[in-house]
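I'd like to ask some things about the structure below.
Labels for the chains are A, B, C, D and E, by order of writing; each one numbers its residues from 1.
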Amino acid sequence: MDAQFFLIVLLFSPLIGFLINGFRYRHHSANVAGIIATAAAGLSFLAALALVFQLVNFAADSQAGTSAVHRRLAVDLFQWLDVGLLKVSASFVIDPISAIMILVVTGVGSLIHLFSIGYMHHDAGAAKYFAYLNLFLFNMLVLVTGESLPVMFVGWEGVGLCSYLLIGFWFTDEQKAAAGMKAFITNRIGDAAFVLGMFILFFAIGSLSFQTLNEGARRFADEAPLGWLHPITLATLFLFIGATGKSAQIPLYVWLPDAMAGPTPVSALIHAATMVTAGVYMIVRLNALFMMAPLTMMIIAIVGALTAVMAASIGLTQWDIKKVLAYSTVSQLGYMFLACGVGAFSAAMFHLMTHAFFKALMFLGSGSVIHAMHEEQDIRKMGGLRKALPITHATFVLGWLAIIGIPPFAGFFSKDEILWKTFSSPLGHPLLWVVGAAGAMMTAFYMTRLVALTFWGESRVPKGVHPHESPPTMTIPLGVLGVLSVVGGWLGIPHLIGSAMPFHTDNILESFLAHSIVPLPGGESSDSSLEVGLMLTSVVLASAMAGLAFLFYAKKSTAPARIAEALGGFYRLVYNKYFVDEAYFRALINPLMRASQKLWYYVDVSLIDRTTYVLSDTIRGGGSFVRSLQSGNLQQYALYIGLGVVTVLSIILVRG
Amino acid sequence: MPLGGVFFIALFVALFGAFLLWLASRLGVKVNDPVKFESYECGLPVEERKDTKISVKFYLTAILFIIFDIEVIFMYPWALTFRDFLKGGFGLFSLIAMAAFVGIFVFGLFWEIRSKALEWD
Amino acid sequence: MGQDFVEVSINVLKLIVIFLLIVQAVPVLVWLERRGSALIQNRLGPNRVGWMGLMQLLADAVKFLFKEEFVPEKGIKVLYYAAPVVALIPATLAFCAIPLGHPIKVEAFHMLGHSWGPYVFPFQGYDMNIGIVFVLGVSSLAAYSLLLAGWGSGNKYSLLGALRASSQVISYELALGLAVVSMVLFYGTLNLSEMIRQQQGVLVFQAFGQMISVPWLPNWGIFYQPIAAILFFAATFAESNRLPFDLPEGEAELVAGFHVEYGGFKMLLFFIGEYGHMMVASALMTVFFFGGYQIPFVNPDEVYQNLTLSLGSSTLASVVTGFLHHLVFFLKFAIFLWIFIQVRWTLPRFRYDQLMDLGWRTMLPWALGNTMVTALVIFILNRSVGG
Amino acid sequence: MQGLESFFEVGLNHYLILSTLLFACGLAGVLLRRNVIVIMMSIELMLNGVNLSFVAFSKYMAMLEGQIMVFFVMTIAAAEAAVGLALAVAIFKRFREVNIRYFEQLKG
Amino acid sequence: MASESFLFWLVALLTMAGALMTVTLTNPIFCALSLAVTMVGVSALFVTLDAYFLAGVQLIVYAGAVMVLFVMVLMLFDLKHEVKAFTRGIFSGALKIATVGLTAGLVSGAIFATMRVSPPTGEPHLAPANDLTAALGQLLYSQYVFGFEALGVLLLVVAVGAVALARSKGGTHAGS
């Protein structure tokens, strides 16, 4: 079996699942549809495993000869576009970067499909839901395996569409439908920038294939440092704006919290584990290009750090369990961008992966909670659920430990690597480290607050609600993800710890990615004592904040309220998410609408309409003349044809 | 070229028949009787109506015949060349092409049967 | 039509002789039919005029010739007279295209101070390379004579009879055509002589790369295509308006169908046309399914060579071969004509809806299925040979 | 003897002229007759004229595509006749006439 | 070849006579019969052009099926001699005749014009007639196989449509 076969299975099994469920969505019960969709996702996952296995073996085969292994499986399906110089073929590539992504997408995706069977079994539109989910999987796989920007863009738009469809899945609720539209429109802004970036790249480099782009970027190495107006800088900036749209960064992050209107498994799959990381993935995919543009890198790092800390601060104040997780996602994505910005692409990928595990776990856990609480999302009405939901609680705690960075859980390794790189990289800055560490502290705090309010302490559950543990289809994915949240981080154990361990474990992930990622120009800093110091600092800070939060919320303290009181206006500012939505309305949307109204009145009504009226009157006048020719007499029509033939023949004869 | 032969024999037959008819009309006796020239309706008085009712089925049969006849005609060149296609290695292709065509044919036929267009009573 | 005077004149003569063959066969057939029906129905039949009543038909013909000619009042004269003449043409044209014997080869010879030949005269009116398509095409013109007669008589019964007859004829033409398609598929040619040539010797066919031979059966089409043979024969019954498909002439309901208003010699011409169709059908049966003019198990070329050795002259041998085979053809041909007669006096008539049902809903699907199965079998048998 | 030669040497042009004349006859019938059925017959006549030129070109240019085209044209002509006559029957049922002017009633 | 020319002229005459009668005769039945003669003539012309199979198809489809249908329909309608066979209007009639004449004249002119430029080569180069039908089949079922399938679909649609149209209200005559 060759790569092409597996790739086709990988891509098309979700598509076929989509088609089956999509065409028969009225006929299938939730269980049947769910099983079909899950089977499609599972098959895709098996194909992904086979592909990755091939990729790793590929390395083993050729390792004997050269040390620099270029692991890459490319499959060219057909020529898609051939317009002048622009030649795009529908080709797909599996290399270490996309290998991680397809594993995450199909693996986590399959688990979430499985979870959805339990979660959605009451819903009337379950088949439609599963169809969308499969379609999403297909598009996401196109996005990550596509070998050129246009192919990636197909997936990019496709996942946007699915995200829209799934956020507004319960479209009868106006608010949820509006959330879907908000996500779609916000994404559109980013997409426009993405397309502009593509244009610039095509003009600058002449191709849109990733390989040529990354190689082509080296041509500009001599001109370094590139200025603000250099095409590469501009292109990367535009692409980054596209990424902020998809990956919910400042300034386009506002859609993600609202996106929680969709079913919770969707939030887990699309708005935590996979789609929102597309921006990060895109930057990593084009890392050589981005490395050429240090100015862009700086902006990415700053935006990432700011997003991380800002979203975390909002997360401190939210009461909705999913909103907290949503802001947490935004914040974690900020970390990934921070890592990209400082050139630590493998750290970004690492965090992407671990984040996918633990955030999917936490979302699914919250889904389980919401399911148990009969669609209640306010954590003030929960508490003490530990007893009612033992499995959910246990796995949720694993996720919690992972996200706040307690060793040896997954999050510790990835987040710590990011922070260390931020500090040590030539592109980084200690100030960024400080911001990142602050974010980490806040993360620890609000996550502990969430866990404490939901599971621990006294029960504040309303009388009529009797929480119950979820069915096995929901708890099995939780368990698997829980395990992954623990061991996922062990793929990227830092040298420092790895070499200290009895059996010498290397940073597997980094060496796996090594050849796909451009090394940092200044080389690695190897101040091991500093590294240990920073690591300990962040762990200690996180633990301290977690402990504080535990004291505040699990022990029924009045401290939080008092602090909020004391902060007063600032608290309200944070609680209302810095009034960003309102600001957007005031600064952008409302003026835009007023301007459109003016345009409509002066340009459309007064100018265009009037012109068309005059035109239409003229044409109507002419029409009434021509209408007299159209009498309905067939022979007259035949005569016209005959006259036409005569005319044409005469012209031909006269002209030679 | 056999065309000449065809024309010759057609003309010959026509002339032969015409000659015999002419001969018969010469040889027979003529007796004038107005009743003889009436239409033969088994001896009953001739009944004539403005609109003789003729079932539309005849016409329908003819239409369907045309359509199916063309489909049959299309099979002749295929039948003739099927072995050539087999030799050339395109036998399966040819078979499938015709099977698709016949499938459409059969679908049409069954549609007509189901819609009772071919039912006489 | 030929290269020189001798060839052209012989070809012309041939055509006329074949036509006269049809014409003279009709009295014989009518006699056969009447005597045969008498035999079947335990009667005597015509037995007064001449030996066994053989002269009866001659007397009838003379009587026809002396009958009064008239056109019905409401008839359209041109059409009324054209119909019987037109009835003769399709059958004759079709019959002329059927090979009746082995081609005759004439060596070069001297006559009237010129050297002539060598010639090859096919034992048929004309050898069409699209043989069967021509026969079908010409036969399809037969509907005109029916319609002309029906319309030209100006009688509603004859019009109804004509419509029924032509509907019936065209309905069965489909099954007929499809049966022929399967034969074309099997022989891989449209030419009738070529089809006969492929039925030489004993039953031999190739399956999965092996030759399978059945020495006790001749290599006739009927053994390969029995279903096509049945369908073809049944359809030709309908085509020639014979019982059990003689609805158009149904005496009880339609007085006599499209030729109510005809009498005398015009009627006889219709008869010739109908018997002509019967003869074409019998001849085609012989050609398609029973080896044509060939003697069973015997290759005509061997006959020709043996005769050449024993007679000395190859021209004479060829002539003898031709007529010998013609005799064989005639025997087979006569058997089918007898079956036509036998069936007429054995089976009752169909109802009109039964007739249409049989044509459209039974025979057409069977013929289609037979064609596709034939193609499939040919495909499978040939596939395993070369891959 | 140009005239006699063109009488004996039948070539492409003879067929083309004949096909033109057939076409023109058909066109005249379409334009001038009243009876729908005769008009349809005239259309068949036009198609036959064109078919003749196709076959003539096919022979004199040694390309079989012309004959394929004729095959297709015949099919479509037969289909047209079937549908056209069905329409004529429908019209006849309504007006007891087959004058082409009644087809104006079909105007949308 | 004098005999072939003679045949051509004979057939051409027959065909043209049939065509002219088709458009000029006032009784539609006679029109249809003349057209049938024309069809047979065209079929013969196909034979002179070595298109044997098409000649057979022409006989079977046109002369044997389509024209039979026409004749049957005319008989069904029981249409007899028409008093007004042609359309009214002197001006439009003249225009129509002029159009017909111009079309014929221009096309003939074009034919003669091109003949003067490049005289016809005369001798055909096609394969021997026996293989022509097979060659036709091979071309039809390889290169034009999609057209062939499309025609199958077309015929299906026509079969369904014609039956639906014809049966729209029982028989041709109310109540039958």
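Definition applied: contacts are C-beta pairs under 8 Å (C-beta built on N, C-alpha and C of every residue); 3 or more make two chains touch, one makes a residue touch a chain.
Since the structure is predicted, the reported quantities are computational estimates derived from the model, not experimental observations.
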- Query: What's the chain with its C-alpha centre farthest out from subunit C?
  - Reply: A
- Item | Higher-contact pair (C-beta pairs counted), B-D versus D-E | D-E
- Task: Please name the chain that ends up farthest from subunit B once chain centres are defined by their CA atoms averaged.
- Result: A
- Between the Cα centroids of subunit A and subunit E the separation in whole angstrom comes to 67
- Message: From the mean C-alpha coordinate of subunit A to that of subunit D, what's the distance rounded to whole Å?
- Response: 65
- Query: Whole-Å distance, subunit B centre to subunit C centre, using C-alpha means?
  - Reply: 17
- Task: With chain centres taken as the means of their Cα atoms, state the distance from subunit C to subunit E in Å.
- Result: 29
- Item | Sites on subunit B at which at least two other chains make contact | 1, 4, 6, 52, 54, 56-59, 62-70, 73-74, 76, 80, 98, 105, 112
- Note on the structure: Where subunit A touches two or more other chains at once, the residues are 635, 639, 642
- Item | Residue numbers of subunit D (touch at least two other chains) | 27, 31-32, 74-75, 78-79, 81-82, 85-86, 89
- Sort out which chains touch which and give me every pair. A-D, A-E, B-C, B-D, B-E, C-E, D-E
- What residues on subunit E touch subunit C, complex-wise? 3, 29, 33, 36, 40, 43, 52-53, 55-60, 63-65, 68, 71-72, 75-76, 129-130, 133
- Query: Which of the residues in subunit D end up touching subunit E in this complex?
  - Reply: 7-18, 20-29, 31-35, 37-38, 40-42, 44-45, 48, 51-52, 55-56, 58-60, 62, 64-65, 67-68, 70-72, 74-79, 81-83, 85-90, 92-93, 98
- Show which residues of subunit A lie in contact with subunit E when the two form their complex. 635-636, 639, 642-643, 645-646, 649-650, 652-653
- Within the complex, which stretch of subunit C touches subunit E? 1, 79, 128-130, 133-134, 136-138, 140-141, 143-144, 147-148, 150-151, 159, 162-163, 166, 170, 173, 190-191
- Query: What residues of subunit E sit close enough to touch subunit B in their complex?
  - Reply: 3-4, 7, 10, 44, 47-48, 53, 57, 60-61, 64-66, 68-69, 72-73, 75-76, 78, 133-134, 136-138, 140-142, 145, 148-149, 151-153, 155-156, 158-160, 162-163, 166-167, 170-173, 175-176
